[in-house]
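Presented below is the structure to which this report refers.
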């Protein structure tokens, strides 16, 4: 029914706007995330120094930094909802899938903002060789899609457990290792002048698979 | 009772034959013995993972806690067999190639499976309430299912191009002597029976615990 | 809101327990039709809130089933939020937003045609028009309770589920609740979970949940 689909989009859009406004009003999530990203970035680049001729190490370090930044900043999306007890209100105005997709889009935006600050800083601090920008951004973008998809669903699950933050990284890691591997491989390939098609395809397929399966699972998230 | 005895005799007999009577593979020499334990363990690990994931899907569809019992118990047993497989694999690697760990594709795969099991069980341990625990861990299990094919088939390949060490996969192409083949498949079967028997025990314990609690 | 000739809420062998703790929601069999008000009563912990959450489609019961029919169509649990409004003590709003922003968001998410107008009307109906532009963080518990009522009424649902609606309210607030219930019960169905004798008096029917055993509609 086209009507239902359109109203779903409207609902997701309303939730996304709410998230953005909420984040903008309080801003502690973004501040903490950026601070953490810059801190870990500084630690990594300080310890490793300039690496203008080591694309292999650079790719690995970049993706590890991104991974940690994502893991630390993504767990809060649903935890905040639980802590402020507003999940009930959300569940009364939107379906679980609409809520989750709205959060997913927000997490995606959030990660993009964090990466926009972290990645250029990384490249400067390590004196990285020049990028092939389209290829680099493709790999980064596709990897970020998977990061967001995984973090949204895992975050929603973890928010209902007792341990929360401690568990989030450990539970997310197996799901994110493929992103790490293909991301590192693809980033290194673009620095080595090699084609990124294989890695890009893998990242895209993985993101699609994660999101597709998530869509089937969202409805089971909240039943009490 | 009779099953317990049969399984015991089966595995014991296979072990005796495997360790004492069966010939050695030329390349592997004495280390041949490991393959009777290492590969069946790895096989059971994968079997358990599959069984656990199937039951996770069944739980979400049917909401029968028995499916959750099976999923949880298979995960616990799978973890045990995974540790066995990883450790025996590492010992084998040490004696064959001189180092405990090489990030060889197969080693990497089994390690990833270990991570999934550990994450799943850690998640279960932090949720209260039978239905909630069953539901949320089923969600994670199905999500992990998406990650398994890339982790087993794709990532190790990427890894070996990232770290290009020429490593000969010892268990790749062995022309098996008939006696070895017999022992091997017999052990495979024996381990499978062992898993299904342990699984049935564990599932019964879960059910009794629930009945006791209510 | 048009007339809702076939508005029914029912339960069949409905039971729920939390772990090993059973509630008064035990093998419940009931059917309530609009118009009118039903009081769901029982001691604390007997499962009044649980029952409302099950009917709202938020909680999956341990056993049995509930049904909601509006306009001759059955609404499965996943879709019930469209035809009912719930106001419960656990309902919290975004403290960093104003009341208006909270309700406008709710209206947009629900797909209402004129979100701002619906929000303003709802707030006006509970006497919060004057404080609509204040952040919820600055609200007293009484005002938050009125906001919950406004939220439940926002989309003018045929079925209203109210869990202890008079709590935190002064006399004028409780008067407002009585007015809301009376207006709503004229055409739709109101389920009131309460132990307050005044509120019970508002209801034409009563269902008592007991700690152990069956609850009989009387």
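We call the chains A, B and C, going by the order they appear; numbering starts again at 1 in every chain.
One rule holds for everything that comes next: contacts are C-beta pairs under 8 Å (C-beta built on N, C-alpha and C of every residue); 3 or more make two chains touch, one makes a residue touch a chain.
Since the model is a prediction, treat every value here as computed from it, not as a measurement.
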item	value
Identifier of the chain whose CA centre is least distant from the whole-structure CA centre	A
Furthest chain, CA centroid comparison against chain A	C
Chains linked by the largest number of contacting C-beta pairs	A-B
Chain centre separation in whole Å, for chain C relative to chain A (CA means)	37
Distance from chain C to chain B - Cα centre to Cα centre, in angstrom	51
Cα-centroid distance, chain A relative to chain B, in whole angstrom	31
For chain A, residues contacting two or more additional chains	223-224
Two or more partner chains touched - positions in chain B	128-129, 131
Per-residue multi-chain contacts in chain C, two or more chains	60
In the complex with chain A, residue positions of chain C that touch it	56, 58-60, 78, 81, 86, 88, 90-97, 101-102, 105-106, 108-111, 151
Complex contact set, residues of chain B against chain C	63, 128-131, 213-214
Touch list for chain A against partner chain C, complex	7, 10-11, 14-15, 17-18, 21-22, 25-26, 84-86, 88-95, 98, 219, 222-224
Chain B-facing residues of chain C, complex	18-20, 60, 62
Chain B partner contacts - residues on chain A that touch it in the complex	56, 150, 153-154, 157-158, 160-163, 167, 170-171, 173-175, 177-178, 181-182, 184-185, 188, 199, 202, 206, 209-210, 213-214, 216-217, 220-221, 223-224
